[in-house]
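One structure coming up, written as structure tokens, with questions to follow.
To keep things simple, chains are lettered A, B, C and D as they appear, and every chain counts its residues starting from 1.
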Amino acid sequence: MTRELTIKDALNEALRQAMEADDDVVLLGEDIAGGAGRDEAYPEAADAWGGPFGVTQGLLGQFGRDRVMDTPIAETGFVGASIGMAIAGMRPVPEIMYVDFIGTSFDQLLNHAAKLRYLYGGKVSVPMTVRTVTGAGFRAAGEHSQTLYSLYTHIPGLKVVAPATPYDAKGLLLAAIQDSDPVIFMEHKRLYMTTGHVPEEPYTIPLGTASIVRAGDDVTIIGVQKMVHTALEAATELEQQGISCEVIDPRSYSPLDTDTILTSIRRTGHLVVVDESHPRCSLATDISALAAEHAFHDLRGPVRMVTGTHSPVPFSPPLEDLYVPDVPRIVDAVRSTLDQGRKGAEAVAHGR
Amino acid sequence: MTRELTIKDALNEALRQAMEADDDVVLLGEDIAGGAGRDEAYPEAADAWGGPFGVTQGLLGQFGRDRVMDTPIAETGFVGASIGMAIAGMRPVPEIMYVDFIGTSFDQLLNHAAKLRYLYGGKVSVPMTVRTVTGAGFRAAGEHSQTLYSLYTHIPGLKVVAPATPYDAKGLLLAAIQDSDPVIFMEHKRLYMTTGHVPEEPYTIPLGTASIVRAGDDVTIIGVQKMVHTALEAATELEQQGISCEVIDPRSYSPLDTDTILTSIRRTGHLVVVDESHPRCSLATDISALAAEHAFHDLRGPVRMVTGTHSPVPFSPPLEDLYVPDVPRIVDAVRSTLDQGRKGAEAVAHGR
Amino acid sequence: MIEDRDTLLGLWQRMTRIRRFEERASTDKEADLLEGYIHNYSGQEAIATGIITQLRADDWITSTYRNHGHSIARDVPLEAMTGELLGRTTGVCGGKGGSMHAVDQDLGMIGGMGIVAGGMPIAAGAALAARRRGQDRVAVTFFGDGAVHQGAFHESMTFAALFNCPVIFVCENNLYAETTAVDYHLIAGSVIAMAEPYGVHATQVDGMDVFAVRDAAEQLIARARYTGRPALLEAMTYRYGGQYEGDTQTYKPPQEVAQWRARDPLLTFRRRVTEPGLLTHGDLDEVAERSRVEVADAFAAAALAPWPDPSVLLTDVYTEIS
Amino acid sequence: MIEDRDTLLGLWQRMTRIRRFEERASTDKEADLLEGYIHNYSGQEAIATGIITQLRADDWITSTYRNHGHSIARDVPLEAMTGELLGRTTGVCGGKGGSMHAVDQDLGMIGGMGIVAGGMPIAAGAALAARRRGQDRVAVTFFGDGAVHQGAFHESMTFAALFNCPVIFVCENNLYAETTAVDYHLIAGSVIAMAEPYGVHATQVDGMDVFAVRDAAEQLIARARYTGRPALLEAMTYRYGGQYEGDTQTYKPPQEVAQWRARDPLLTFRRRVTEPGLLTHGDLDEVAERSRVEVADAFAAAALAPWPDPSVLLTDVYTEIS
């Protein structure tokens, strides 16, 4: 019998199990328990929130304030402190409430978490997992809707992980916490309530392994986090048009499972990358460029990128809906690379 | 008779002319004049430095401390203040001493400078130019050698400019300062002493126009900032091997002159992008992906990226020299896309 | 607090508009008529009203995600506010910003920053620019008790102090940063204590009393305008609602809410003006009722207002398309 | 300052090693024998020596780009230091870090941060982790007078105070942040004044006197170790050299250099130990000469040491290649 959980609950279970297994796992963040300063006077306060999405709810009761640390609004302070804790033998899991706020602790990740091992000759590891929340579609406007995957992926020394299913969420989070390197773990706010099978016992999914979420022959669609689901919907629609799509979820953006991705592209000959982030210097361009370099001779049509626009995420619902890639845009992209592939082939046949 | 200046002096002249033309242009940064707090007691102190590379030297004498503001080491403070100054009618030019330090003011650029116009319905402009210093090859190790072009380029609302010649340095800096939007102006520390012709009178180069620095037919090489020069050297060597290279300097990464780049690629059928930044989600992948989407049918060989490695920049000279793309790597990349192009064509001819 | 009748009615009008607006936003959010986050300003009306009515039209303001009160006190038309909450073309930002960013740059409101403490250095810079350009404009930057822990607070205070920026840092100390109580997070004991190392003049005031706020603001604004020096005002207040609508607020002791509601800024105002006979209950009720109607009309109008055209998704990213 | 002979000789040895090392690095840089930036620690020897000799082997340290003194005081072998400056395999970081990052993580030195104030929160975290794991290890984070303006200073002090981190913030106030004089940038007048809002115990000390530093450090370290509370030490000192080698230093009044040199930490030490007859000039000269030879040998050895293998360019980016 399958056990169904939401991503939110899968993550909560992963955190709980990681904390049960290892006393050195501690959580830090703003209101990740909630009610700090009211515990004595008003016991219901404790665990008031569990973060704005409730992911860390209930952990305070089990582990106490020493291990579920509600911090002041000072990301440089507590992300930086997490680095020190990691070096000193713990496995801190700080939370940046929304990825939009990365600017307030960016230096600690860019120059310290990512580089301490390398610069100092490999004598130290920084086993920390920075949890953060990504994504548009929540009517949360320009400063609470970004994805920014590529900013972290560009930085050597960081690992970047972003699950799209409850099963992956649990397995990847446990793997991230056990990993010896700093991992940015990105949770999409519009996926928290997505349900799926999750085994109760702890398990890990190796970082750097992609998941083929749907097998197909005519085109490879890479979905970035929430876009995996949109890509799957598009694939269903395309099937009705007689087009067989392979949908891949990289799950881990750094390291990236280039083998799985390239193998698929070489077989299908067509690539569409769907990424809700902004288009420039993005994961979409990263994976497109991978194909253009390493699967060039197998590509039979232009690589298509379906992305958010080069604009902040607007609040207004109809505008935001235009911002986020949707099924019709993916269907168009797939059809256009397939059509142009044929055209291209005809052009070659006609000696143009 | 041509007037030769270094990039450093061209930038200094641009700043001086911008400040002469418009009282609202002010400079802010750490030690951009130097000797703050010693002016009275010890007049030689004033203008002691002009920043670590002397770019702003001599400006204090002409414009005074109200317009050449030595700030405390507080990038969020003075970059944020620059945004406010820009909104209030000035044209501030803050300096982030090395681009490696962007983490300490990243939020101000990501969420405020870049988004204030959009989020608030287009009622305001933020005419500021953030000068910063990029680049490896200076033996300055991992925290003073980064380029990080792509982090800014990903962000809608920012413009990103990076000159490679003295002529461009002056013209682009004057254009950036006159521009109504926030511009990140990146100066490569290893190019400051590069000389070239610079007219004395003020002039601007429109942002978003690439420069074809060498015309050629067989392959398009895109050089990113300092790599323009390395690409030119490689082109000279390749010419001796009978290969004609077109070398393009985008100069402005956001907006990007996609027309000039695509026109060239469509003509040559081969693309090599040379970018000293790390490989993932970089300008190299951005331009590769552009070609794979929009010049696919004209590409006759795989797109090659010659980049820095996915590692921090090491200090040790032989290691750093390996990090930075060099002429042999570019030559190899060009030869390999041309060779594989032929192979690919043969493969097609043989029905594989 | 000797104020003329029009001034008094003006204060009351703004406070009642804010309260009615926030109540209506709250019920509409609960009824799922509003999308996105709504941060309720109820309880803090005296601060926005007391300070903003002391500003000149050309002064600068930065606000936060909790900006409705600031915008209404600045006389942003209610329809522009409701339009923004609903994402319509009539919104003060044309619908692009939504509730968290519903401020009017045309009225010198630089932003409703979604990033805690994000507006502070920007306000300092705007204040400095005015001075450098020979204008006597000042800037006010609003923020919460939780914001003082951000590096940006410290860097902005330093910048403002060192470069003589006529900016007033206004902390609305409403006892909570989200769910975190101020007695837990505020090590310094008070926000004014944190101003000391910067040599920034700091005052604490009862943020539930619009007259006290107004007096303090008057002094600090005049001081900033004439000396060019920064100042800090800590206004003690209480957030009646949650961090945002939907917050269950289990962390708030119920007696605390009751205690603070007894000091409600609207009640306090009513008492202070009716007891000495400056205004009658009738005067007040009339204005309050007008505010209610205005708010209802504004919400009704917004619901009928047009959605933005798809083309605007890509406008306003840049000033010039170069 | 009653110290036994070995301790005294140990202090002297470290201080002379540092001085000789920095002098040699300076001349080698001028002669173009060293690549990259070199930040000279001369003049500040008493601080590194006084504090680090009071630490236990298992305590944590974060340093800065100006780290040579800290590393040498921590007994990083001189050949590991010179190897690093020259980018050789024998370097303490295998050549990957260079002068700005020449610290030994195996000795609890977490980093020589190239980012001003970058080490502060990290030190606080390391200190906290020790405590949480039932260890009585403390952390010391070194930084300059200019670093107090970074948001990271403020956020780290807050974090350390709130979570009871046994970390000692050590400000080496050498009167300049690059070319900017402390009397211009330090609005608070002193760094200790900046600790007040955080309730962090703070002391100022003469940073030219290793005994004074040592006494202060002993107290603060013991305090942190036993109470788990943070503390701040401001050590007044002077940077004899420029911000880095090559800085023309025109912003320094010449009489200032002379005044501070008159209070040189080595001279002061010599006086303090020879006057009461604790050590003789001969004792001191012998050690000083040994330091000179050790430094010369270390530079000579580094120049002959092998360059790193190209393959290491890509190692150490990650712990596990997954």
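Simple rule for what comes next: a residue touches a chain if its C-beta (ideal position, glycine included) is under 8 Å from a C-beta of that chain, and two chains touch if they have at least 3 such contacts.
On a predicted model such as this, the values are computed, not experimentally measured, just so you know.
J.: Centre-to-centre on C-alpha atoms, which chain is most distant from chain C?
T.: D
J.: Could you put a whole-Å number on the gap between the CA centroids of chain B and chain D?
T.: The computed centroid separation for chain B versus chain D comes out at 35 Å.
J.: Between chain A and chain D, what distance separates the C-alpha centroids? Give it in angstrom.
T.: 40
J.: Go ahead and note the Å separation of the Cα centroids belonging to chain C and chain D.
T.: Inter-chain centre distance comes to 46 Å.
J.: Residues of chain A touching 2+ other chains?
T.: Residue numbers touching two or more other chains: 72, 74, 76-77, 100-101, 103-104, 107-108, 111, 118-119, 141-143, 156-157, 309-312, 314.
J.: Mind pulling the residue numbers of chain C that touch at least two other chains?
T.: Residues 91, 93-97, 101, 113-115, 149-152, 154-155, 158, 162, 185, 317 of chain C each touch two or more of the other chains.
J.: Assign the assembly's chain-to-chain touch graph to one of these shapes: line, ring, star, complete, other.
T.: complete
J.: Along chain C, where are the residues that touch chain B in the complex?
T.: 60, 91-97, 101, 103-106, 110-111, 113-115, 118, 120-130, 132-133, 137, 139, 151-152, 154-156, 158-159, 162-163, 165, 315-322
J.: For the complex, give me every residue of chain D touching chain C.
T.: Touch residues, chain D against chain C: 149-155, 158, 161-162, 185, 187-188, 193-194, 196-199.
J.: Where on chain A is chain C touching in the complex?
T.: 30-31, 34-38, 41-42, 44-45, 48-49, 70, 72-74, 76-77, 100-101, 103-104, 138-144, 309-312, 314-319, 322-323
J.: State the interface residues of chain A toward chain D in the complex, per the touch definition above.
T.: Within the complex, chain A touches chain D at residues 24, 26, 66, 69, 71-72, 74-90, 92, 107-108, 111-112, 116-125, 127, 156-157, 159, 179-181, 206-208, 255.
J.: Touching residues of chain C toward chain A in the complex: what are they?
T.: Listed in rising order, the residues are 35-37, 84, 87-88, 91, 93-101, 113-117, 146-147, 149-152, 177-185, 247-253, 307-308, 310, 312-314, 317.
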